[in-house]
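Pasting in a structure now, in structure tokens, and then I'll have a few things to ask.
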Amino acid sequence: MELNAITIGFVVFTIFTLGGGFGVVTTRNLFQGTIWLMVSLFGVAGYFILLSAPFLAAVQILVYIGAIAILITFAVMLTRSVTRIKERYIRIVPSFIGSLLLFLILLFGVTVPIFGGHLPESAPQYVASTRDLGIALVDENGYVVPFLLASVLLTAAMIGAIVIARDEKAKGG
Amino acid sequence: MDELCTGLCQLLVESGADAGLAHFLSLLVGVLLVSGIPLVTVIVLIWVERKVAARIQDRIGPNRVGPVGLLQTIADMIKLLSKEDITPTAADRVLYNAAPLVSFASVVLIWAVIPFTPFHFGVDLEIGALFFVAVASFGTLAIMVAGWASNNKYALLGAFRVVSLLVSYEVPLVFALLAPVLLAGSMSLLDIVNAQTGMWFVVLSPLAFVIFYVSSQAETGRAPFDLIEAESELVAGFNIEYSGMKFGMFFAAEFLHVFTNGILMALLFFGGWMGPLYYESPLIAFAWLGAKGGLIYFTTLWLRNTVPRLRIDQIMAFNWKFLVPLSIANLVFISLALKVMQELGVSPRNLAEAGFVELLPTTVVLLVINGAMTVYLLGLLRKRGQEARRESMAARAALAQAVAD
Amino acid sequence: MVPLWMYLAVAAALFSLGVFGVLARRNAVAILMSVELMLNAVNINLVAFWRYSETSTDLLLNGYAFTAFVLIVAAAEAAVGLAIIITVYRNRRSVIPEEAVALKG
Amino acid sequence: MNVLNEWAFIGVFAVMAPVFPALPIVIAWLFRPRKPNVLKSSTYECGVETIGDTWVQFRVQYYIYGLIFLVFDVEMVFLFPWAVAYNEMSLFGFVAGFLFIFLLTDALFYAWKKNALDWK
């Protein structure tokens, strides 16, 4: 691997993604955990840019850092998760062994043997643009059904979450 | 790498520098040039803000340091340097210090995609319009972090209120932003400006501009939505524990954000650098953009200094029950009318190549639709206002009755 | 260009981190965050496969569009999941899933 | 490749952007006086001693606004490709986009009817 903008970017975003992920599963303080999660997801957005999908990167930033981060923060405050739980883990040893095994299987059992040398190292030159996505999303031969189903899902999620979260007996605070 | 390496990069390579290094250096010079503009502007902006506020309040404003007080900001910065910087013991030190940096950086980063003239810009991203919304969401998170990391009840309470205000007003902002994107058929800011050759978008969709204007006023936390600064209620809000230069950074970010929004509105709705003789020289184009952005900026200052603050329940109700439905309806009507006209062949499909005359029928139809919506909305608001007045008068009368009894 | 398997390796690592978080963390909010990590690991894979496969030339946007839909599902999951956590907390004063056993047989 | 060059610019810009505000803060750190004392660096609550956690319990309404925002944020983001492709789109696609908007507007009106939008 030569040293150029892409490889530098890849290394930086890997540090962000995995470092942030490590922070999420280890930090005691859940507000800091939220920030770690955002660091990790920012790294994933960086990957999307390296993979020529800048629209998805923008969506990632907007949805996660703009909305889900705020939502998780609100939930952390509402449940006082920051201060209440002293012990972080249950069944830590079996979980650790299990996830380590999973990682090794995924890496050396699936990824390296199948994709290590067989797929082309260079990607196709032509990249679909946001306009192509827009046309495909609402095309009858494209993704119009999942597109509308997604809309139904969002509506259902919003209605459901409002019904669940709303407190009939008003509370001060 | 070779075809990318032009201009300064090429010069460096020819003088014997490493190709990668030359590439990086030319990028760095570009970044410094582009970011220099907002950084110089913000120093002037603080002076403008104070001077305008003073004039509106019938004062003179800064007038001691330098000619007409122009160097006042420099003097203030030197003063801030000598101020003690207190970090509360209970604070989360890393996040506490990072928040002002992210807050300021999120505003400066918007300038990376702003085209200053047809030929001078940092980058012209395919997703330009989405980019600045995405970058602005870092600013929201920075406020949340600042409020939490201060470890202060007032700071956290202030941050919660401000963040819920910011996210709420982002909805109409982005729906209004969809109108120019739809008209231009592109998210690149350069394409959006070029599509306004025949007709400015403020004429094609005035309501979208009004919604964008109002919600960006809220996004920057300016009156009548200045919950960020609600001194009388929240002892200043999320930045209460900050002092010295870090406190200054939050304010610099806010001032710069207001002006940035002015420039963005000039680009999205007022044809950017379009104006007489703009093609003669990039300087004239740049001057046009600056003049339009500055004028919009001035009106926001004017508004800030003349209207009172709303209560949070009023702000939220105004957003969710008025601005959001309006912005959705606006988008629906514009896209419907345009599609019908395109199918009938009255309206051109590519606005960038359409002249003023070709666009006339489109303009008239869209203006009529916008006018009808405005009349309806004004009627609605009038009715609602009368109801509210009647309610509060009844409440007042009941109170007087109770006191009399 | 970075070879495909490196992206897949990072995604595998992120996924395993998420699995560890889901299994081992006590707090329900932390578990939800770990699920987000797993979803994002899947997204990296989808986009990487889309980018490196030959089909991206002829408008077959499968990976691209799937990622978009996964994002939508992630948003819906976060909204409902957090709402459930808040409600459980309100009724039981606890955010530990093992303690919310009212629906158990 | 050209696209990535643009993003390299954004990358350098993103690295530099926090440096600009950091510079004056660092300079201030070099010059500023340091006289901390217990009272000065205690939590500022108008002189009253702090009681209890900072993380007091908040009202659920904040979460509900965040939730409605999240749903609309996701919706808006997917309207952007639709708006970009607007001029080249078939009538069918146009109507599908409309349906998408209407389905989500439903949710807003539901929230409105249930008074979930009221600040209480």
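Lettered A, B, C and D in written order, each chain numbered from 1.
Going forward, a residue touches a chain if its C-beta (ideal position, glycine included) is under 8 Å from a C-beta of that chain, and two chains touch if they have at least 3 such contacts.
Because the structure is a prediction, the values reported are computed rather than measured.
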item: Contact-richer chain pair (by C-beta pairs counted) among B-D and A-B; value: B-D
item: Farthest chain (mean CA position) relative to chain C; value: B
item: Chain closest to the middle [Cα centroid of all protein chains]; value: D
item: Cα-centroid distance, chain B relative to chain C, in whole angstrom; value: 33
item: Centre distance in Å when chain A and chain D are each reduced to the mean of their C-alpha atoms; value: 17
item: Centre distance in Å when chain A and chain B are each reduced to the mean of their C-alpha atoms; value: 28
item: For chain B, residues that touch 2 or more chains besides their own; value: 125-127, 130, 156, 160, 167, 170, 185, 187
item: In chain D, residues with contacts to at least two other chains; value: 3, 5, 7-8, 55-56, 58, 60, 62-63, 66-71, 73-74, 77-78, 80, 83-86, 88, 94, 97, 120
item: Junction residues of chain A, two or more chains touched; value: 5-6, 50, 52, 54-55, 58-59, 62-63, 66-68, 70-71, 74-75, 77-78, 127, 130-133, 137, 150, 154, 157-158, 161-162, 165, 167
item: Interchain contacts (touch definition) - all pairs; value: A-B, A-C, A-D, B-D, C-D
item: Residue ranges of chain A in contact with chain D within the complex; value: 5-6, 9, 49-50, 52, 54-55, 58-59, 62-63, 66-68, 70-71, 74-75, 77-78, 80, 82-83, 127, 130-135, 137-140, 144, 147-148, 150-152, 154-155, 157-159, 161-162, 165-167, 170-173
item: Of all residues in chain D, those that touch chain B in their complex; value: 1-3, 5-10, 12-14, 16-18, 20-22, 24-25, 27-29, 31-36, 38, 40-46, 50, 54-56, 58, 62, 65-66, 68-69, 72-73, 76-77, 79-80, 83-88, 91, 94, 97-98, 101, 105, 108, 112, 117-120
item: Complex contacts: residues of chain D adjacent to chain A; value: 3-5, 7-8, 11, 53, 55-60, 62-64, 66-71, 73-75, 77-78, 80-86, 88-90, 92-94, 96-97, 99-100, 103-104, 106-107, 110-111, 114, 116, 120
item: Chain A - residues contacting chain B, complex; value: 3-5, 31-32, 35, 38, 54-55, 58-59, 61-62, 65-67, 69-70, 73-74, 77, 129-131
item: Chain B - residues contacting chain A, complex; value: 1, 20, 23, 92, 95, 125-127, 130-131, 133-135, 137-138, 140-141, 144-145, 148, 156, 160, 163, 167, 170, 185, 187
